[in-house]
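Please go over the structures that come below.
Below, chain A partners chain B and then partners chain C, in two separate complexes.
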Partner chain A sequence: MTLSRFLNRHQYLFFIMPAVLIVLGLTAYPAAYGVWVSFTNLHFAYPDSRFVGFDNYVRLATWPALPRVLFNTVIFVGSVVVLQLGLGLLIALLLNKALRGRQLMRSIAILPWVIPGIIIALMFQQFFNGSRLGIMNTVIGYFGLPSRSWFSDPTQSMAILIFAVVWRGVPLSIILQLGGLQTIARELYEAAAIDGASRWQALRYVTIPSLKPILLINVIMATSGTLNHVDIPLALTGGGPAGATEVLALSIYKQGFEVLDAAYASTIATVILLINLLLTIVYLRLLRMKNELGS
Partner chain B sequence: MRKWLLTTALVASLCGPASAVELAVWAQTDLSPNAALGPVATAFTDLYAKFQADNPDITLKYEILPGGTEALPSLLTAASTGNLPDVAILDSFWVARIVQTGKLQPLDGLWSKEAQASLIPAAVKSLTFDGKVYAVMFSNAWRGAFYRPSEMKTLGYDAPPSSWTEFLAYGEKAKAAGKSALMLPGAATEVTTLHLISMFWGFGGQLVDEAGKPVFFEGGNRAALEKTYGVYRELVEKGLMPESVSTMNEKDLRPFFYTGETLAIANSSSGLQQMYADKPDLNGDIGAFPLPLPNGELSAPILGGQSWGIFAEDAEHKAAAWKLVDFMNRPESVTAINSAKGYLPVADAVWQQKFFADSPLMQQFKSIFDKAKLVQTRPPVPIYPVLSAALSDQVASVLAGTKTPSQAVDAARDVVMAEFARLQAR
Partner chain C sequence: MNSVRDASRPARRDSSRSGVAAETLVYYALYAVLALVVLFPLAWVLLGSFKNPGEIFAYPTTFFPRDFTLTNYNDVVRRTALPTYLYNTAIVTVFTLVFTLIIGTIAAYGFSRWNFPFKNTTMVTLLILQLIPSTVNIIPYYLMMNWMGLLNTRIALVLIYTATHIPFTIWIMKGYFDTLPRSLDEAAVIDGCSMFRVFWSIILPLSLPGLSAAGFLVFLGSWSEFLVPLVIANSREVAVMSVGLYSFFGMDTTAYHYAFAASVMSTAPVIVAYLFAQRYLVSGLASGAEK
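Up next is the complex of A and B:
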């Protein structure tokens, strides 16, 4: 086939190529460059850099703080994903009912999603400020309780961080799951009712199986979004107290912009990229398995 | 005919002079006409407009740099890709690294020795490399303790404590009144390090030697650092400072100051405008003092601020860039910016401006710098960010009493020296 005949047959390439090039240029190239940097010793404090093979990966594997940071990351991501999906489903089910003011409630429920992460962090900081000006301290003060320093306790600090990120992420789950709920055919519920299914059984055997593809997309988005979260952890706890809320994404920021070690930051970023890819493959495999079993 | 002439004149006036030099200026948002702090935005807008009016042959084109340390990678990337501006406002701490790119222009022949002599000597020295000065520092900040004279009076004090014994006595009175005596930031950040090294220098310690090798854990330096960590622990043990500062930065301490839960907080002079905005009645009722230390000395002030640097290589742009730098460094220009931003001057001529000369608080800052035995910048060495992180990382454990000052020094040493060995092997 000559080139002109190939181009004639595939004219659509002209139309999609600009978009493909832009997407590749803005995502694939930076990601690949980041992976390359992880194999160098690029450090912003030094003018030169060279290829160092897997040195940074060995360094990361032997980093004394790694077990703690990984543990924090698992707790953080796991809790956020479970809570975000659970609460998202619960609220989506409520908003799917033909109640008065439903449209208004839907709009309000989506609001946290449009607030920038940094503003949410500052809001929560104000909320849990340890002085008497802190909103929570004012509230507990009404009950005669003394002010407390909310971010001093490691567990409490992580709980507040999770709460803030979930509060921001739930609207995404609501939007996705509400969309999914509206695609479930009424006939399925009617058939279940005729078979004598209770509300719980209708949820268990009709709603959730029908929502599975949407839930899976939600899991993928929530997992990768939370793994990559920097703004709220950085502005809310900064990884403290004593590293109790330091997660992998925050370590990237600290290494890249505070220690200026670009190569080490890229190494951690590459690891996160691999975790994201791995989880996405696992989720997609699960989805395919379920579909095959279903059909 | 007349119509044509008018139209031509109008088009010509809109286009500006045909030979106008376009000058690319980079600055962080908070030092630009886009600054969030209204008076700063106004100061830059007015100054740039005045400069344009005075120099119709130069067109300013300003762009925004990311804030904080994120600006450095942006500048280095621009340096490696040849996209640097003609002139920029640089954090003085980065200048040493930016000089290594070979793109920052020395100011020889542009900045006269007489003009340089009007600045704090350390401000020029810290930006001089291989005998050439590369940037013009125009601001400084002071970090130390801030208090309300009216509150201090209620404890029977007309002046802040000037010795460690006085400080402890004042602290006991504050405690009896149900208040903290002082709150120092303890979160693992650079701000905590700045307060920490201010005390460390007051105890006579040095972080690195002349070759840039960390020496903070050796001999007299080790003793100084142990004493510094000891101050943190002692304040908590004596009930003069809550242990919960271990998660706090300067801005987190301010609400405690506003409510009177603490009599003094460690903060920065550059936070004053924000404090006045948060609590207007502080304006006129705020004082500052360097923390007195158990060895009879005071915490040492750290020099560090913003500076103007020129990247333009061709004579025309370089001359235009210097015109801007010179204009922006006139005492009245610096005063407009520094007074709006809450920065302190580094030049005598600026200290003499009305805003600084008439303010008792500003004169208090001047007096602190004038009386200080040591005024120096953070060491501009590659290991500094690691060193800073390692020192501030230990503060929470020292405050909690889970590490002794000696163990904290050892822990910081282990982290820093492992990284130093790795960096040396590059």
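Up next is the complex of A and C:
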């Protein structure tokens, strides 16, 4: 049999094919299918659909809510990425110091990352809840401030949403950057010390440049992770009040499963997919750069 | 990673003793702030789960329970569907874990031990597919599962989770397999072992750290996933923990005394897994993410 001879010569196929097939079938195929749906008028409330060309994209471009959603998305993603990176670096530097209790502290710092998103949403909802029950109102009461209804104010809602997502996201930065800090050769710091560099100069001219590839990878991972994140926005604020925290990824869910406009949701998803592909290309470039640097 | 862990310790030792002490004090103050920000919300929920309902609804809000009670846990288990949700979550997670680790490690071994055309292209393609989030695929997932008659089944969740977790499992495990010398395989093959046998009895037992790291990530992902089950499997009988909690507590929660206990019960398994897996995590994750 030629087939059996073929398989005998290409034994690796037995090993890789199951994985390749299931991954292609359940990630690549749906992605392509979603792009196709964005060119139809598929609606979950109607059985039939047909090809409509770029109609949905025109509708998206002229969507009255689009400027607000895009603005929310930029504020949300931008703040989360900056805070995650900055706090991640500071905490990674702190946890890289040889101090007693460091191991325990690392475990504590990484803890938020394992808490399920839905629990984080529930927790922060209770924490800030508008009624008198949330402990945050008691805490600000100690400072003589009156209780407030945290989630009825657009700015406060967005701030709490960002805080919750950062609270959960900083550990990933810590993990990546601690990994990076540990690959920086000690000799570099010794050389800097001999040259009379201050702490600040050592950070500025040794640590940051050495960490640069990891920091950039962290930027990409945080950007794509936050852009695609639905769990906490959906369960914590649900886009409210009055759309003040509705971000692009949440619009996919709302258009698809509340408005039932599958084609429109797919159009938004296709836009996000394109942004993701762009980020991925940058990510792969960075990985190559990093490997060439040999760190 | 341990060889250079003290890289940031100052090489000079000429600073004065009091200066060092003051600096250490600052670091420990920062430790305290960090611990407070991380642990305060968690502790509030944990302690809240032991308060009696009257105290939970009282004002001003307390932090430490006045008297410890297990009433809330009792009520949650008896009066809500949380046990069903947790059971569904556990079933989906266990099957996802088994399928992902089996299919993923076998593929990783294939990628590690053979050279073939388009090998790197295939590996990078898997990495790119990993970066397509479920958010983007959520409409197609719904349509595909509807078409296959798998809406509101746990099988649908296991299928999707397995597919989305295989790529990073392959990357992490290939990294480990690459560090094991090929002479090991060759010796066993000369002794008459099949390649599958070599993989199962020799390579896999040596890769337990990698397997733990990958396994924990798969566990965490399947346990916590929210959007996919919310759309694909939201009927009461098959709802997982995240969907159940979301529909139960909705947007404004008034059943605090249930919420605290339910949150603790839903999070405990991941925390326990984290405590077991954490020593492999920082190294495993960093190496997986950097490749």
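In the analysis below, the second predicted complex is superposed on the first by the 260 of 295 C-alpha atoms of A that agree within 3 Å, B and C clash if a C-alpha of one lies under 4 Å from a C-alpha of the other, contacts with A are read in each partner's own complex, and residues count from 1 in each chain.
Going forward, a contact is a pair of C-beta atoms (placed from the backbone, for glycine too) under 8 Å apart; a residue touches a chain by one contact, two chains touch by 3 or more.
Since we're looking at a predicted model, the values are computed, not measured.
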Superposition on chain A - do chain B and chain C clash or fit: clash
First (chain B), second (chain C), both or neither touched by A:Gly101: second
Residue contacts with chain A in the superposition, chain B compared against chain C: C
First (chain B), second (chain C), both or neither touched by A:Gly238: both
Touched partner set for A:Gly134, first chain B, second chain C, both or neither: both
Chain B versus chain C as contact partner of A:Gly256, first or second or both or neither: both
Touched partner set for A:Leu181, first chain B, second chain C, both or neither: second
First (chain B), second (chain C), both or neither touched by A:Leu111: second
Location of chain B clashes with chain C - one stretch out of 23-31, 95-103, 167-175 or 311-319: 23-31
Overlapping contact positions on chain A, where the chain C interface meets the chain B interface: 125, 129-130, 132-134, 238, 256-257, 262
Footprint of chain A on chain B - complex, ascending: 68-70, 72-73, 76, 97, 100-101, 187-190, 242-244, 246-249, 252, 255-256, 258-259, 261, 382, 385-386, 389, 393, 396-397, 400, 422-423, 426
List of chain A residues in touch with chain B within their complex: 41, 43-48, 59, 125, 129-134, 149, 151-152, 157, 237-243, 254, 256-260, 262
List of chain A residues in touch with chain C within their complex: 10-16, 18-20, 22-31, 33-34, 37, 91, 93-94, 96-99, 101, 105-112, 114-119, 122-127, 129-130, 132-135, 137-138, 141, 167, 175-176, 178-186, 189-190, 193, 207, 214, 217, 221, 224, 228-231, 234-235, 238, 249, 252-253, 256-257, 262, 265-266, 269-270, 272-273, 276-277, 279-280, 283-284, 287, 290
Chain A-touching residues of chain C, taken from the complex the two chains share: 1, 4-12, 24, 27-28, 30-31, 34-35, 37-39, 41-42, 44-45, 48, 56-57, 59-61, 63, 103-104, 106-107, 109-111, 113-114, 116, 122, 124, 126-133, 135-144, 159-160, 162-164, 166-167, 170, 195, 220, 223-224, 226-227, 230-231, 241-242, 245-246, 249, 251-253, 256, 259-260, 263, 266-267, 270-271, 273-274, 278, 281-283, 285-287, 289-291
